[in-house]
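Working notes, beginning with the structure itself.
Chains here go by letter, A, B and C, matching the order in which they are written, and residues are numbered from 1 within each.
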Amino acid sequence: MTETTPRLAGFTDAVARYDPVIGLETHVELGTRSKMFCGCPAVFGAAPNTQVCPVCLGLPGSLPVTNAAAIEYTIRIGLALNCSIARWCRFARKNYFYPDMPKNFQISQYDEPLCTDGWLDVTVHAEDAPPRQVRVEIERVHLEEDTGKSQHVGGSTGRIHGAEYSLVDYNRAGIPLVEIVTKPVAGTGELAPEAARAYVTELRDLLRALGVSGVRMERGELRCDVNVSLSPKGSDRWGLRTETKNVNSLRSVERAVRYEIERQTAVLDAGQRVTQETRHFQEASGTTTAGRSKEEAQDYRYFPEPDLVPIAPAPEWVERLRASLPELPSARRARLQAQWQLSDLDMAALANAGALDLVAETVAAGATPADARKWWLGELRQRANTAGIELAELAVTPAQVARVSALVASGALNDKLARQVLDGVLAGEGSPDEVVAARGLAVVSDDAALLAAVDQAIADNPDVAGKIRSGKIAAVGVLVGAVIKATRGQADAARVRELILERLS
Amino acid sequence: MSSITREEVAHLAHLARLSLADSELDHLSAQLDVIIAAVARVQEVAAEGIPPTSHAVPLTNVFRPDETTPCLSAEAALAGAPAVEDQRFRVPRILAED
Amino acid sequence: MTADLTSLTAAELAAAVAAGEVSATEVARAHLDKIAAVDGRVRAFLHVSADVALAAARAVDARRAAGEPLGPLAGVPVAVKDVYTTADMPTTCGSRILDGWLPPYESTVTRRLRGAGAIPLGKTNMDEFAMGSSTENSAFGPSRNPWDLARVPGGSSGGSSAAVAAFEAPLAIGTDTGGSIRQPAAVCGIVGAKPTYGGSSRYGVVAFASSLDTPGPLARTVLDAALLHEAMSGHDPCDSTSIDAPVPPVVAAARQADVAGLRVGVVTELGGEGYQPGVLSRFGEAVELLESLGAKVVEVSCPHFAYALPAYYLIAPSECSSNLARFDGMRYGLRAGDDGTRSAEEVMSLTRGEGFGAEVKRRIMLGTYALSSGYYDAYYGKAQQVRTLVIHDFEAAFEQADVLVSPATPTTAFRIGERADDPMAMYLADLCTIPSNLAGNAALSVPCGLAPDDGLPVGLQVMAPVLGDDRMYRVAAAVEAALVTRWGHPLLAQAPELTSAAAEARSASDD
């Protein structure tokens, strides 16, 4: 069923008349050593069908055995998200036919998820508005196994439509997958796209802090499905929602929500009903397209997995896991804000620029918070913007920035020289010290060398020298400037001034 | 009394990916009708508050450590495959998006 | 010498091989010869692996010659139901959809048996994917009952049962999901046991109904069955449902063979109308025998057993509809209809339509129905509740009795073709055996005579509590000893000679 290209409503207009309700389902590939139900390595990028065994291939007679670490990681995720941990739960079979699923059922959890009813507080930054706190409630966190990967061959686009056949690799089949489902989030209004993005960002950072996954979205280690529905303003009736899949980056999350709001508004404005369906996000155009229309909703015929026995996490074990949770990103941010004595706005600026971790590491490497912020939010942010990349992608490390800062603090460099040193590091010329040596950028502190330049400046400017001798100290600036210029900015201005005055006194 | 229609049986066959000839469908429908009526006897049992049993012999918390064990070679994995290309299982074109 | 070897028990063969009185190779050859002589008529085997058998036998002989320790079953041939994955023999499960499939891995049970020195002779016929009570659902034709080649050997482990009853192998392994070891054992006049669920590993056992499937032994004597039971059982970390506890002392119990002071419960609901009079009379005599041996017989009522059959025929098909979904022609086995124009979905449907037999299709659809949205609570959900009630019935019964007894199956072996078009009639064969599958407790069938009305074997079912497997062996061994004494010979001595001209004439008239 082809869709005619919709006329979109403007976003601002859309959110003036409709309240978006968003929801996110996130799949996280756990970073365990082995797969969920067998001992095959859980590695990325291996040659096809070399990380498989009878169990993850679903061969007749094979049986699953649960990976203890996967349970532990899932519980820790649930605890970090303030969930209740089930005292007793089971796996269930989700039955449907698809070639990338070797058993034609997926072992998952249905009505007995391992973790339920939690929340994650998210700070939403907007361009021209103060940051907003949104509490995203978590419906459930459960465990399941990942599917294999199919590559569609033939046809013009390499996509599924029009393909002649497919090639399936089961290396990924059986990798542990945690599914995190939010409850519907209402009330974000015009900040809905940013809120969705902020939630996924915060969740990603939390998962990284827990060490349970690499959360590299470009590798599919973190996948999002975005749900959007619209409610007419003033009504408490919620609209039908769409689910958009194939949302593979933070930016896509934001764009997908934005597009869906605009598209659904146009549908409703035209007097039609929003079709409750699965849609696909198109990276190139930032739009969503309808999936193949299905005659009926899938009946997965869930029933408890008979090949696995129930999981009953011992309460003492759960408490030990809770006690051993690392400092979570929100707590860490609060701590750093207090330590660095920053305002909310300042903290927000750091987060927005993606500079928080960089600054923290720079401080850890010895710089003062103020200096660290100055360099990352000032000079380095400029460079990143010019190059069109993120701060973290710059070819300079926090340790190096801390070194530059230390050199300035000790007087070995001044600000101008420091900027040149950073240029050198970014250009790949080496460490700050190497750049200083190679380019000869050190502040000249050797009086003998300076005196030579001082004497030259005095000789070149007899009138100014005369003025100074006669008491017009203010004129010394000219001579200082001359010396600085002569030393290509490598002289310490204060010391030069002293020397000049000594000479002329 | 018919407990299941021919259309329902056709639907089940589709759900279960079973291609049936018309005569087969007729024959199976009649048999299923009888069988379903017979197994429906379980509904006669008063089971208010009785928990269902999914595992006859109760065990819990059976796990294995997060360690890797040897895999099959790709050759062994693909040995029984009807069609192979590029060390992958070659399957006919897939219609539905997952 | 050859004929003698195939008439020995497993215990006798093991002892003879260990003592060096006969070589494992001679034993293997004798049984392969027997198979060649009679299996044309019995059709117990789908695949005979002379190479594998002789290689295994030579290995045992080499070990013995080198003075190395031998396993408890060293040199004893065993027939393997074709539901077990074997890396050096095809595994078809009696189905066209797996015709010729060679698994890339070995089942735990067969691996353990080979480790114990047992000699696998080949794979035996079965009802397709273990669904049936006669082997008539095998895609490769039914096996024959050695007592009357025009009759079924029972099922689904009919091939294994026939092989043992025909002296083609002293031991065989099968699986019991609703009675598929006990019922064929009963109608073939041999011993067949279903261990406690989880007592033997299901890893490498192609799944029919996961929460019910139980690998188990078939043999001509109770002691042999116990020896095999012990060798094949035990915890397996590859099977999450396997029990992490020592195997009950079944061999010692089989040797103990006494019932003095034991309370034997006769289950009221497993008898009466629908049971063949000859079966009931032999059963009654067996109960009297137990009493005469010193057992205290009581009557126990298990009221929910009447619902066990319908509950089973909801739970098993539900699980199997899911277990068999993997057979779709994409990764192994039959692929049908892939002409380059069809979609994967179409090819899956055509493959399954062509590859599965009628009973399998029936059960898949029944299971799909029972699990489907809107029907789950009334069918599958309800059946699981009935299962709980059956478990409660057993718990209450085992407070009144140490073991429970009943006929193993309501009738003796029926004729091939007699029930083939009536699924419900076929299902009734499992009436007595199903409750123990639902509850997971141990149960076996031991021969208790020939029915007076048709001269065909009758089996006595003995049921023991979960992990009480040894109890049933004790009782069965006592019954067996007393009956063999009374008859003057084992029951099978009365079975018709299979290599005689009379047998030729009989089978010629069937074909």
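Criterion: a residue touches a chain if its C-beta (ideal position, glycine included) is under 8 Å from a C-beta of that chain, and two chains touch if they have at least 3 such contacts.
Since the structure is predicted, the reported quantities are computational estimates derived from the model, not experimental observations.
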Checklist line | Most central chain, Cα average position | finding: B
Next item on the list: Go through A-B and A-C and name the pair with more C-beta contacts between its chains.
Entry: A-B
Notebook entry, point to check: Distance-wise, how many Å sit between the C-alpha centres of chain B and chain C, to the nearest whole number?
Noted result: 24
Notebook entry, point to check: Hey, how far is the Cα centre of chain A from the one of chain B, in Å?
Noted result: 41
Notebook entry, point to check: With chain centres defined as C-alpha means, what is the inter-centre distance between chain A and chain C in Å?
Noted result: 58
Item checked: Residues of chain A touching at least two other chains -> 54, 57, 65-66, 97, 99, 164, 166, 168, 299, 301, 303, 306, 308-309
Notebook entry, point to check: Which positions in chain C touch two or more other chains at once?
Noted result: 101, 104-105, 211, 237, 240-241, 321, 325, 328, 330-332, 340, 344-345, 348, 368, 372
Notebook entry, point to check: Could you say which residues in chain B touch two or more other chains, in rising order?
Noted result: 15, 17, 54-55, 59, 62, 64, 72, 77, 89, 91-96
Notebook entry, point to check: Any idea which chain A residues touch chain B in the complex?
Noted result: 32-34, 38-41, 47-54, 57, 65-71, 88, 90, 97-100, 147, 150-152, 154, 160, 163-170, 278, 280, 291-292, 294, 299, 301, 303-304, 306, 308-312
Item checked: Residue ranges of chain B in contact with chain A within the complex -> 15, 17, 54-55, 58-74, 77-78, 85-98
Notebook entry, point to check: For chain B, which residues count as touching chain C in their complex?
Noted result: 4, 8-9, 12-20, 24, 28, 31-32, 34-36, 38-45, 47, 50-57, 59, 62, 64, 72, 76-77, 79-83, 89, 91-96
Next item on the list: Would you tell me which residues of chain C are touching chain B in their complex?
Entry: 101-102, 104-105, 196-198, 211-212, 237, 240-241, 243, 304, 307, 310-311, 313-314, 321, 325, 328-335, 338, 340, 342-350, 352-354, 356, 358, 361-362, 364-366, 368-370, 372, 378-379, 381-389, 391, 423-424, 438-440, 466
Notebook entry, point to check: Inside the complex, what are the residues of chain C that reach chain A?
Noted result: 84-85, 91, 93, 98, 101, 103-105, 107, 202-207, 209-211, 237-241, 318-319, 321-322, 325-328, 330-332, 340, 344-345, 348, 368, 371-373, 376, 380
